[in-house]
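Two complexes come next, and they have one chain in common, subunit A, joined by subunit B in the first and subunit C in the second.
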Partner chain A sequence: MIKHILKLIWNRKGSNVLLFTEIFFCFIVVFLVSAFCIKNFRAYFSPYGYEVENLWVLKQQATNLLDSTDFVQAQEMLKREILALDGVESAGFAGYAIPFSGSMWTNGGDEMGFDFYTTMIGGDEDYAKTMGIELREGRYFTEDDYRAKVEPIIINQKISEDFFDGGSMIDSILKLGDAEYKIVGVAENIRYRDGFEDEYPTSIILTKQAEKEAVDLLVRVAPGSGPELEQAMGRVVFNVLKTEDFNITILQKQRESIARDTWVPIIIFLVIGTFLILNIALGLFGVLFYTISKRKGEIGVRRAMGAHRGEIIRQFVLEIYFVALAAMALGVVLALQVPLLGLIEADDFAHSNLYYAIGFSFLLITLVVIGCAYWPSRQGANLHPALALHEE
Partner chain B sequence: MFKNYLKLAFKVLGRRKFFTFVSLFGISFTLMVLMVIMAFLDTELGANAPMSEADRMVLMDRVEFKTQFYDTIYQVDSQLVAGKMTYDTVNFETEEAGAMVSQGSPGLKLFRDHLEAVEPYEHFAAMFRRSFDVFQDGRKYSLSAKYADADYWKILDFNFLEGTPFNSNHVESATSVAVVTDRMAREFFGTDENVTGRELTLSGRTFEVIGVVERSRTSSVFTRADIYLPMSTADNQTLSSESLQGPFRGIFLAPSVNDVKQLQDNLHFAGRNVPIPPDMDDFENITIKAFTVEEKYAWNLFFDDEVKKSLSKFRWILFGTLGFFLLIPTLNLINLNLSRMVERSSEISVRKAFGADSRHILVQFLFENIIITLVGGTIGFLLALLVIYLINQSGALPDTILSFNWRVFGISLIICLGFGFLSGLLPAYRMSRQQVADGL
Partner chain C sequence: MINIQNVSKVYRTDTIETLALQDINLQVAKGEFLSIMGPSGCGKSTLLNIMGLIDEPSSGQVELDGRGVSDYNSRKTARFRNEQLGFIFQSFHLINDLSVIDNVELPMLYRPDVSAKQRKELSAEALAAVGLANRQSHFPSQLSGGQRQRVAIARAVVGKPNIILADEPTGNLDSQMGDEVMQILIDLNENMGTTIVMVTHDERMAQKTHRLVRLFDGTQVV
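Up next is the complex of A and B:
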């Protein structure tokens, strides 16, 4: 039977070529859109490694102008005064990178005998508590660490897996450029760019206030705190710094505003992709309806020779699906080249998104094609043989 | 003759409602998306107020300090000569091995001491932005303020709803005056009428509002802000900084479009010749980037070292995506038209039998297809207006206000006709070559 269907397809190659091209391009579009969306959705809904809600950031430049003794004093006073406010749960200084603020520091080298890189964030002894960072292993920095002989460092799960095969790393020495660090803890993966990125190596180092390494203050506030606390905090900061040149950012809002840059293209792609599919589906439906109704004679003969309705429907549907299958096969072969040849720089997790996208595109187009072929075929098969042959 | 074709076209449209619906659905949605994209590009890159002179502008807000490191690889020949090992360098080659780069926006000193002397330009304005948190009636307002030179208002033609811009007297005497946008006036003062003369306090300094402007429609960082203040009212520390890096941006207005290239080249040349300040002597080279409006937009998307590379990426991706997007509805329409025209084979044969030649038939079918595309285009146009309205209302693009003007309409009309022509050509050609006997 398959041979017969292939012959039928060949006989109508003129119109099938158009169908083939249309479905091929449709597959490519669905693949691209779904790969983009699947990647972003999966990343967005995986954990950040800390709690974004109720986390505020105080950014200011004023203390930076002081010399280092006054700097340390002013910063300590700022922290103390803010902690004294009602509704503030904890506060810690952060350096180098504040979540969702666009800043980032990457460090790396080959001092350990292989290419190693990590993004760096810095914090004081209260940083992890304020951020809500969970450790998988080891401990967070304590006051004693400021006097440690070898600077302590906390690495994340990704570093341990990617560079050290996931073994226990506590008390090992990490070399980065000229500096040496002792690993005291392993944290969950921390993501702070925009919430849509894959996991990446991150380390936390202890910031030294005397060297002005951490200026920004992270503040964890009680759930439900609003503008009153913000204004009260503003007054406290003004009293300490004697300037209004500072900003209090609510991280959750910052995250939403940064995420919008990705949501807008996702929505645009989804709308346009849906429209293209709908367009193709309607077009296919119309064309098939027309061509199948033109093949009355063929249906009549087959019915008269004893073919069941089901067999006729199956023949038409398979005939169209085979064309679609050929088009999709070409699409799959091309799409598979992206992960196989490593055309985009990505790890296994990112590549798995591409396989999901290929599977999804295949299923969606199969559904659309079979759906659009089934109804016209049923209509055609319903014809009474006598009626169908009447015209011949 | 065309009147007949027109009549026929509408008759055919009414005959098979489902086909007509499918065709119009595809055409109108495709053209709607194209028109919205055109409106977006025109808003961001086109010559509209306040950037009516966009094609004469040169934007400069990037300075890069760089030291390139090289690895030298020696090929050494070792030989035992008279019991002693000798070494000869046969060959060596150098290759780039990493670089130390510090890049960001320039400091005011770079403009005042080095770039303002560059020719040819008509006006130049330096600016920088900072944000203020202002608390009023228990609410917090985050205002984005732009400090600018007086010539800022000569380069950018903001639409003043009331009042005037600040002038060079205000800037020289550091008068505390401000120009606010209509949106900020509404949010902050509760009204955008009779706002001039009202006061607001920023960082302990009280400013008097002397003008209200319509908010910038493009999202360009050179135009967008809530409140505009004279440069000299900024804090002294930012203004007097000796550093070549800082928060500043500069905008130049070339005398004519033809001078833009010359101005860019001269700026780049002047940038390369800036002496490296002592506190940055780790670095060997200074490069500045002076962009055209389109280059700036493209570069912000890709951040290539070479601005031209970002620009060509931007154009390729844009036109590639648009072309790809058009391809599918076109194929769909061709497919649909082909099966649709089969049912009219007898009509064609009759016309041919009475002496019409293939060309007439071809023209007739193309004409019909263009008519249906124009009908779809009109629906698409209305949909596009609706979508643009919805996008502006929802604030999905926070810093852009899309608008639809005659230029966008003209381009859309051309795309519309092209679309109709392309999707109708193949089916019409096939039908026109049909044999008379087959059809009858």
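Up next is the complex of A and C:
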């Protein structure tokens, strides 16, 4: 039967070319849309490496106006008083780049004999702990680290994998420009830009408070904290710094708002993709209805020769699906060139998105084609054989 | 072999009701070659379709091979058509997208117990029997009307049915081709003992069969 169907398809190639072309383009469109969406969805739901919930950032400018000794004292007092509030679990100063603030700082060089780069964030000894950075090995910074001979650094696992052999990195030295850092901790993940980016090689260094490197206070609050705690923090700022000029950013909200910039195109693509699929499905449906109604005589003959309804349905659905299969095979071969030839710059994780997109497109089109083929085929098979022959 | 009892057939459309057959009683014996004649629209095709289980009577009984078939479900009638019946139509009804040999093997395709190799052999045999052994890979459009009808006959006999139902098989053919086709049917009937019911417009063809039945406006007149 399969061979019979393949012969039919081949002999009807004139009319099948159109179907083939339509399904091929449909596959390519679904592939592109789903690759884009899968990439972003997976990135969004892959771990940040820390708890975003219940993290607040307290920003103020007042301490910047102080000279460096007063600055350090005022900062320490502010941190102590904030920590003393009910509902505050921990606090640490953050430098260079606050998560989801849209800014990042990248540093790199070839001092180690190969091109190395990392985005850097800074903080005081409590910063990593307050973020809740999950360490796979090593430790957070401590007070003693300020007096260490070599500056300490916490890296993410990505650095270890991208630039080294992925093994333990504790106590290894990183050279960057004139500076040297000793690795004290390795974080599982650190992502902090907008939730959609692939993870970068990222590291955390200890800020030098006397040089005013970290001004913003990152605060981990108890779950459910709200305006009351904000007001309490405001009173602390006023008592310590004699200013009402400050603001509090809730990181979770900041993240949602910055993510919106990426959600918008994703949703637009999804809507366009869905619309296209619907259109193609409707078109397919119409074409198949037409084709099958043109083949009523054939249906009548087959029925007279002893085909039962199920065999008619099976034949038509398989005929159409095999054409779709051929079109999708071409699509898959083309789509596979992207990761195989490395047409886009991406690592294995990003390439795996392409494989998922190929699989997804294949499944979706299979469903659409079989769905669209089934109803007209069934309609044809339900024709009374005498009538089908009569209408030839 | 075929036993039609009090069969009537009414076609209903939204506007009109056509009485295509009215109280037909007809017996066809095993090995008989029967022809049916009558003016156009008198119900000949309808009667043949009812005998061939591709149409159902509005009332009355149909018995084939001693079995009442009115309670057969669609799967069972399909099976019966496949194994016991061969159809030949005025307009051939070949599938134009299939080669001659693929057209001929069609009935065997719906027999799960026949292998592809057997199908090929049986189809080639049936084609040879109608003198078209060298036309296997042609397409219907490359054949003359007479050749097409011979392909259709090969298709009708490939499954070795007990009954052949032919609806004006020579109606679209010139007289020489018609005679050739008729001769094949006669040989089938004589050599294989196949029961044949043939609708025809041609008195000459009807003369060559064992018995003639005439229909007029849905009723049997002879």
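FYI, the second predicted complex is superposed on the first by the 367 of 392 C-alpha atoms of A that agree within 3 Å, B and C clash if a C-alpha of one lies under 4 Å from a C-alpha of the other, contacts with A are read in each partner's own complex, and residues count from 1 in each chain.
The rule is simple: a contact is a pair of C-beta atoms (placed from the backbone, for glycine too) under 8 Å apart; a residue touches a chain by one contact, two chains touch by 3 or more.
Fair warning: this is a prediction, and the values are worked out from it, not measured in the lab.
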Touching A:I272, do we find subunit B (first), subunit C (second), both, or neither?
-> first
Report for A:P385: first if it touches subunit B alone, second if subunit C alone, otherwise both or neither.
-> second
First, second, both or neither for A:H4, with subunit B first and subunit C second | second
Of the two partners subunit B and subunit C, indicate the one touching more residues belonging to subunit A.
-> B
Looking at the overlay, what does A:W105 touch: subunit B (first), subunit C (second), both, or neither?
-> neither
Tell me which partner A:V264 touches in the superposition: subunit B (first), subunit C (second), both or neither.
-> first
Tell me which partner A:A307 touches in the superposition: subunit B (first), subunit C (second), both or neither.
-> second
After superposition on the shared chain, which partner residues are touched by A:C26: those of subunit B (first), subunit C (second), both, or neither?
-> first
Enumerate the contact residues on subunit A facing subunit C in the complex.
-> 1, 3-4, 7-8, 11-12, 297-298, 300-309, 311, 384-386, 389, 392
Across the complex, what residues on subunit C touch subunit A?
-> 46, 49, 52, 54-55, 74-75, 78-79, 81-83, 87, 89, 91, 93-95, 97-99, 102, 106-107, 109-111, 116, 139, 155, 159
Considering the complex alone, what residue numbers of subunit A touch subunit B?
-> 15, 18-19, 21-22, 25-26, 29, 65, 227-228, 230-231, 234, 243-248, 257, 260, 264, 267, 272, 275-276, 278-280, 282-283, 285-287, 289-291, 294
In the complex, subunit B touches subunit A at residues 18-19, 21-22, 25-26, 29-30, 33, 130-133, 135, 138-140, 142, 202-204, 235, 237, 324-325, 327-329, 331-336, 338-340, 342-343, 396-398
